[in-house]
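A short write-up of the structure that comes next.
Naming follows writing order (A, B, C, D and E), and every chain is counted from residue 1.
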Amino acid sequence: GVSAGLVPARAQSSDKTLDKVSFGTNWVAEGEHGGFFQALADGTYKKYGLDVTIVPGGPNENNRMLLIAGKLDFFMSANSLQTFDAVTNNVPLVAVATMFQKDPQVFLTHPEVKVSKIEDLRPLTLLISKEGITSYFQWLKSEYGFDENKVKPYTFNPQPFIVNKQTAMQGYVTSEPFAVEKAAGFKPNVLLLADYGFNSYSTLIETRRDLVDKKPDLVQRFVDASIVGWYHYVYGDNSAGNAMIKKLNPDMNDELLAYCVAKMREYGIVDSGDSIKNGIGAMTDERMASFFDKMVRAGVVKSTIDYHQGYTLRFVNKAVGVELRPKN
Amino acid sequence: MKSPQDLIRFLLPVAVFAAGLLLWEAIVRAYGIQPYVLPSPLLVLKTLVADWPILSQSLGVTLLTTLEGFVAAAVGGVVLALLFNQSKWLEYSLFPYAVVLQVTPVIAIAPLLLIYLQQQTAVIVCAWIVAFFPVLSNTTLGLSSVDRNLAGLFQLYGASRLQTLLFLKLPAALPYILGGLRIAGGLSLIGAVVAEIAAGSAGAGSGLAFRIAESGYRLNIPRMFAALLLLSLAGIVIYGVLALVSHLLLRRWHESALGKDS
Amino acid sequence: MKSPQDLIRFLLPVAVFAAGLLLWEAIVRAYGIQPYVLPSPLLVLKTLVADWPILSQSLGVTLLTTLEGFVAAAVGGVVLALLFNQSKWLEYSLFPYAVVLQVTPVIAIAPLLLIYLQQQTAVIVCAWIVAFFPVLSNTTLGLSSVDRNLAGLFQLYGASRLQTLLFLKLPAALPYILGGLRIAGGLSLIGAVVAEIAAGSAGAGSGLAFRIAESGYRLNIPRMFAALLLLSLAGIVIYGVLALVSHLLLRRWHESALGKDS
Amino acid sequence: MVESTVPEADASSSAVRLRGVTKTYDSGVMALGPLDLDVKRGEFVSLLGPSGCGKSTALRIIAGLAAPSIGTVELAHHDTERRGSHRIGFVFQEPTLMPWATVRDNVRLPLKLARAPVADAEMRIGAALDQVGLAEFARAYPRELSGGMKMRVSLARALVTDPDILLMDEPFAALDEITRFRLNNDLLSLWRDLHKTVIFVTHSVFESVYLSERVIVMTARPGRIGAEFRITSTEPRGEEFRTSAEYAAFCREVSRALAPSYAGQAGA
Amino acid sequence: MVESTVPEADASSSAVRLRGVTKTYDSGVMALGPLDLDVKRGEFVSLLGPSGCGKSTALRIIAGLAAPSIGTVELAHHDTERRGSHRIGFVFQEPTLMPWATVRDNVRLPLKLARAPVADAEMRIGAALDQVGLAEFARAYPRELSGGMKMRVSLARALVTDPDILLMDEPFAALDEITRFRLNNDLLSLWRDLHKTVIFVTHSVFESVYLSERVIVMTARPGRIGAEFRITSTEPRGEEFRTSAEYAAFCREVSRALAPSYAGQAGA
């Protein structure tokens, strides 16, 4: 009828050929997920033949279970440790790319407390989340001799930190320092754990092994498109991605997102080390092995597991998108 | 006599509330407490007004979940109690599961629910789990407190099970059931909040729980308090409505709802 | 007559429980559900045994918090209700705050509590907040359901307030109070879990809540279920103990605790 | 006039038949000694006995509200399964009203349970309320009534269904004499006209003699039949009977049986 | 013998003094018409009247358990503040026992509230229980008692404190005649020996005449004083009085006053 004739022909035909893909993040929409939203918003995914739905996570991470149960196709996992956990428990998940070369995990301290290296944190009361306790804090314990008794629970509310100068609080370099500065009016000191040897990957794309085996092409396209999205988000015009983030999460604003991108660039969170040559997404066996050893020493994972099961280099290190990085 | 009494009943809490606010404001000023630790009530109110569009939307979402959870808890609790009342065997075999449901942390089973249920359904199930037990427990207590002679009378007059239920057990248990509902009212609000945290959607279109958590992370403490204030008000209103319903239903016959000298 | 009855009362739930486990095992096998989605009960049991040292320690921590929270809730709820019962004015002015406490999400105020209180105190306060309201509400209901003529008798014989409280109001409200405590039992367990999540310590010496959360995001689902199982069992035991206490206290006089033909 | 032995009732015409019924409560109290009782259809039997001798217990057992510890209970045309039918009217010793229902709704209860046609039901309820003098309190709640008024509601409720067997536990104890006399007469004409079987517990010797065909005096706990009296009189009974020497003699006899140890006069 | 007018009581010797007392309940029912009543110290007054005429209401108002809508209540040596003292003993129309306490503990209640010395208390409790014939049920709970037994516990509780003023609302209605007679006599000797003031509600004309110095017959709702009778007799009263022609005449008079519309005989 008349109404059918109004539907644009292009959309009709292309919809048919697009592969439906769902991708779950581990938090609400924010700058740290910018590349994925960018790829969705600027049509990169579509260009790669993908019809992507991004399912934001929430305060409690449920999306990983949905991936395992087959309700999602990809999931954004936080760090390499999660990869080891999957192997430990024989869960057939595979990390296929990492978007962050450095884990953005930091400790914030009050400017009045002179802290210049990680050992200086030891006398302070540490505010660490339960996830942090089971992961990087174990590493701090084994590597730097931190004391569990100095830890207080952190529920992602910075109030106790602000009130008490003798505390240090965990956070992401890309957001908490900004929030504290905005609200409390002081600029906290920041120590990036990655700079002291905590060499976990972060913001990895994870999927089920059967998807890797049965539809490698789909996985490849999703990884490539996401990488391109990240290049655009970090270096290019990221207004489309930001618009989408702000729409999904009205608490986000331009200032905050700009801060996030600036910090990602300043600290080389997304693009540094291996990715300079191999492109965003780059992973290496050496680095995995090094992190695994550290986690074994920290007693977080068992030395007997075959951690190679948990990731594959098959889809990365192809220098996809390096041309998008501005040459300066 | 009656009208001034009622007025006091209404004005007194308001006055005490106002006094509480003044004290709060005074403390904040006296100790110079920063707004990111404890915002002054004035600031909270300002924030409430300023952020009304976003907060009211979240309030709506949470209240809807609360209502659904409450209805589910009320119906589920009463029906379960009636079922258990029909057969001791049923009660002995299944009551432990009701306890298990009560003590299961929603946070832990929300992921499982999300696998098998629609998200909105999962949220309501979570709210239900939090709120149903008081209704079940109180209704069970009420049903077993039915006057024996009255029960005998029903038996004598050949009342069917349904008749005994409708005309004897439910009315007799009503004060207890309403007591359970008054507890469940607040709990289903809490249940909605917990459910939102555990299984709700985040970002736009999310409820007060998310606002509170989010404002907490973002250190937007005034907004967090504004959201908490809304939650508290919602709780008081829910309780007030339930207490009023109780009063209207019981005032003509039950001890607990009678005036001093009637 | 009595002993076999009691036996059934005990055996039936166990039998139904066993049947439930078998069904669970069967479903897991039939659909080939992977242990990281839904572990079979056998695996959960094995994990329970294997991880017993770590789980039992956490169980102990949680149970201690539960106990402290329960005692606080019981005492706090009853005392508040008695206070409110002494003066209508007090009740009208302060009851809304009790409702506010009930509906305040612990997660939101835990940081504030952590600022001003010792961590262990903060945990107990959180557990208390979760569990006290049913006790308060049911006790209030019970106190206002006291037989008028009996109250008149006490007045006539010049009973002091304390005497009226001890010898009339508390015993008369006892069935209601115990009903409230049965609800609060499970709630204080939940409260302990929530409190641990919001304010409890992590790592070694932490409670079941931490184990559940940790196992959850470390994908150690069998251990998560083992911890949940422990929690459920603890809930059932707590309920059972409270039900037993109720029965012993009421069996000689209250309708709800009497046998069929006595 | 006074027959201390009653001929064995013909089983076929028995409305109620108790054989060797005893009741021992959980507390260990033996409330009812072995009791054999036959009540013929259409008979009016009074039970008298000291406080706590098991009269109420006996009534409850007959109605099927309590099970005998030993012994059997048979009701004509009511096997144990169907005993819970509306053919029994019961007036408890306490009013036993539904506090949440108005007087009218309380009286309506048996009709509602039997799903009686509405128009007919309303008429009967009105008549029953008139009979007990509570028409103007039809919309009151039980707590707004005096003790005697509550008992009258309970009476109205028992009468409204027109039951075959009426079991009444001290129904008039809380009523003033005028009302009591009037209701005595109402009950008598009801029994006479509609051939009801009535078992009536009372503490008033006068009342028992005035009303019944047979007065059974029970012994102290555990309640057994201590003595039986057949009250013969010219029908219909009325004020004439109440002032007769015959009546006074019956009363004396019954009182004497009631108090074997209590030598002396038993009336005004 | 019968005096329908009673001389105005001397105010100084009044134990109870009601002036223009009315009671209208929230439901709008006017339960008590304007009532003037003086009861002298040591007097035994009976209240009679149709069911629902406001007898219980009057008693509750005298005890201070309900406030009059209009009018004043004075108790000698009890200003309204101190009225709640243990000098009043009250027997409610219903047993009003604490279900959670044993018979013994129920009877102990007033003594416990008055902090009476334990040894003395135990002795009194034992005596009171003996008096009402419930010694062997001392450890039973109220629900294990028959209706009459519950009333007797309530009686024992009222008697155990040795109160100055005894307010009794149909205390013997649920008791068998033997027990009733015995308790009548017990009450009489208690009153005579200890000079108590007793206000006694009953439906039994015989009882009221046998016990009281003065019988007050109330009108139907709203209850007012319809007639008063001073019962004179040779003291001490006993079986002799009960069988006297004098007694029968009193009873007839009272009955007649009770039933202005009820022509005819008012006794056995």
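In the analysis below, a residue touches a chain if its C-beta (ideal position, glycine included) is under 8 Å from a C-beta of that chain, and two chains touch if they have at least 3 such contacts.
Note that this is a predicted model, so its numbers are computed, not measured.
Engineer: Kindly list the shared contact partners of chain A and chain B, in label order.
Structural biologist: C
Engineer: Measuring centre to centre with C-alpha atoms, which chain is farthest from chain D?
Structural biologist: Of all the other chains, the one whose centre lies farthest from chain D is A.
Engineer: Quick one: point me to the chain whose Cα centre is farthest from that of chain E.
Structural biologist: Chain centre farthest from chain E's centre: A.
Engineer: Which two chains are joined by the greatest number of C-beta pairs in contact?
Structural biologist: The chain pair sharing the largest number of C-beta contacts is B-C.
Engineer: With centres defined as the mean C-alpha position, give me the chain C-chain D separation in Å.
Structural biologist: Taking the mean C-alpha position of each chain, the two centres sit 50 Å apart.
Engineer: Can you work out the whole-Å distance between the CA centroids of chain A and chain D?
Structural biologist: Going by mean C-alpha positions, chain A sits 85 Å from chain D.
Engineer: Taking the mean of the CA coordinates per chain, how far is chain A from chain C in Å?
Structural biologist: Computed value for the inter-centroid distance: 40 Å.
Engineer: Among the residues of chain A, pick out those that touch two or more other chains and give their numbers.
Structural biologist: 65, 69, 155, 157, 159, 163
Engineer: Do you know which chain C residues sit against two or more other chains?
Structural biologist: Correct list: 37, 107, 111-112, 115, 147, 197, 213, 254.
Engineer: Give me the residues of chain E that touch two or more other chains.
Structural biologist: Where chain E meets two or more other chains at a single residue, that happens at 25, 27, 94.
Engineer: Show which residues of chain C lie in contact with chain A when the two form their complex.
Structural biologist: By the definition above, chain C touches chain A via 34-37, 107, 110-112, 114-115, 119, 197-204, 210, 213-214, 217-221.
Engineer: Show which residues of chain C lie in contact with chain B when the two form their complex.
Structural biologist: Where chain C meets chain B, its residues are 8-9, 12-13, 15-17, 20, 37-38, 89, 92-96, 99-100, 102-105, 107-109, 111-112, 115, 133-134, 137-138, 141, 144-148, 175-176, 179, 182-183, 186-187, 189-190, 193-194, 197, 209, 212-213, 216, 224, 228, 231-232, 234-236, 239, 254-256.
Engineer: Once bound in the complex, which stretches of chain E touch chain C?
Structural biologist: 60, 63-65, 84-86, 88, 90, 92, 94, 96, 98-101, 109-110, 112-114, 141-143, 161
Engineer: Please give the residue numbers of chain B that touch chain D in the complex, ascending.
Structural biologist: Result: residues 147, 149-150, 152-159, 163, 167-168, 171-172, 174, 252-254, 258 of chain B touch chain D.
Engineer: Per the contact definition, I'd like the list of chain A residues that touch chain B in the complex.
Structural biologist: Per the touch definition, chain A meets chain B at residues 27-29, 56-60, 62, 65-66, 69, 71, 155-159, 162-163, 179-180, 182-184, 247-251.
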